[in-house]
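See below for the structure under consideration.
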């Protein structure tokens, strides 16, 4: 993998804190800064498509993601996405041929101490260049087939479908 | 200073993140854990009175803080508090005699990378044992007289009253 | 991947700081604590074989690693190792059949702010369950074939063999 | 306190890690970057005099510190210093009249997660503007009179002289 396309859509990974009076908001995508500071040995391009909580991602948003990714020649694609509807988006992206696409995100914002963001991005980066093709979800240290995983909302973690 | 009384009331310093669907909430007081991990050379007791955004702190809440602190024999007192009405609370506590009381808090939650929480607690701890008495506010690296400081909400920082 | 065998051998990733008078030393393996705090959705066992700077790893040490890993039934194996001779060790482990083995480590100790440790472990975890078999090196965000990578010591990074 | 003079002399607080082959070394002073990122509400000037482990600080070095500080008009002075001989240096600086001088440092490098550096700098900043004059040591959350404190090397902490 010499080049990675990164599509950002918002979610917890990019949440920031402004002040006492405002809630948490989805801020600038963090992944570009993170990969740059880590000194990765591949080129990457970040396309910031959306900045949404994934509960608010619509069918139109998913079609936009699909079309944007399909239009790029890059074979390896990483998508950062909110966790609540990540599986749903993964299923829409599964119609894109001839690419390896990995979705990831975070259960705690990247700007938090102890966030899972860097680790999850690492898992996604390791998977995207090792999987022969298809769409995958990298969360909780696993590379999941979207057809066989769900987010357990109460436990706040991804787990195999029963 | 051999002993420090710590009264916690909530505010940004203790804000935590639960999940995509909920907002930021004021969580467990962080200061006890922080001081313990740092290995401070004084005894301290934490009294968690409130767990509120300071915009919601009422006159009754302030009277409760005042009475609680006045009832304790400890001379040195540190209060963690939301920043928006910290000055107002400080003025109420100024009626307590024979103590040095320092209020502090944070502009970014203690659990964030780069938070000002540890530094502010340090400033408060340094001030509380160095000031001869009275009520002080430790924010932005300054030990302020409550009568001469305000929070500049737009700039999100404390500054001298003009 | 339901189970991961982790073999730790020392290196920068585990370096700790004691005090003014002592140098940096290789301490307790960090990877178990890191994976536990992150809440990964797979079982793992940590076998701490060595605690060495990789410059001091001998042929006997490598044979010990090879024999230890070969003796375990687990298919997926992650090895933490110092970076200076990681490629050399990878070539020795390449004789083990029927496993996917990924070596990783860090250019900055895991206990440093901004360390690459968590990200590298993520990359290794993503690769180990995605690669069909063989031995790989996960460093600088790439999953390298040990025959085609070297550490550029002056630049302190891994790069493709010219 | 509108202005703070900061004199840096090295010590653990500024230690950095280069690579597998080198030991820990005393690097660039960290305090200026830290105060800037925290957004402190006072002006400060950093004079980097030395970059030494405090075990190697000589009588000549201490005379240089004394003369440098005495020559500056600033009333409030913060000195970062290695912990092993911090008390000895404090006693030399005690001959400087008409200033409040606080020495601080760290038991763990500022670049480590969980370092005491930011907290200690906070304690020093709180003390330097609250003490009426003289020389003080801010370590382990206490503002110590140099005549009544020692570093317990075995326990790696400062404690009251028995």
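Each chain carries a letter (A, B, C and D) given by its place in the written order, and its residues are counted from 1.
Everything that follows uses one rule, which is that a residue touches a chain if its C-beta (ideal position, glycine included) is under 8 Å from a C-beta of that chain, and two chains touch if they have at least 3 such contacts.
The UniProt protein names, listed by chain, are A, B, C, D = Asparaginase.
Model, not experiment: these values are computed from the prediction.
J.: Would you mind naming the chains that touch chain C and likewise touch chain D?
T.: Chains touching both chain C and chain D: none.
J.: Where the centres are mean C-alpha positions, what is the separation of chain A from chain D, in Å?
T.: The separation of the two C-alpha centroids amounts to 44 Å.
J.: With chain centres taken as the means of their Cα atoms, state the distance from chain A to chain B in Å.
T.: Those two chain centres are 38 Å apart.
J.: Mind checking the centre-to-centre distance between chain B and chain D? Centres are C-alpha means, answer in whole Å.
T.: Comparing mean C-alpha positions, chain D is 25 Å from chain B.
J.: Which residues of chain B are in contact with two or more other chains?
T.: 107, 113-114 - these are the residues of chain B that touch more than one other chain.
J.: Got a list of which chains touch which?
T.: The complete list of chain pairs in contact reads A-B, A-C, B-D, C-D.
J.: Quick check: in the complex, which residue numbers of chain B touch chain D?
T.: Of all residues in chain B, those touching chain D are 1, 34-35, 37-42, 107, 114, 116, 118-131, 136, 138, 140-143, 157-160.
J.: Quick check: in the complex, which residue numbers of chain C touch chain D?
T.: 11-12, 15, 17, 19-21, 23-24, 53-55, 82-84, 107-109, 111-114, 153, 156
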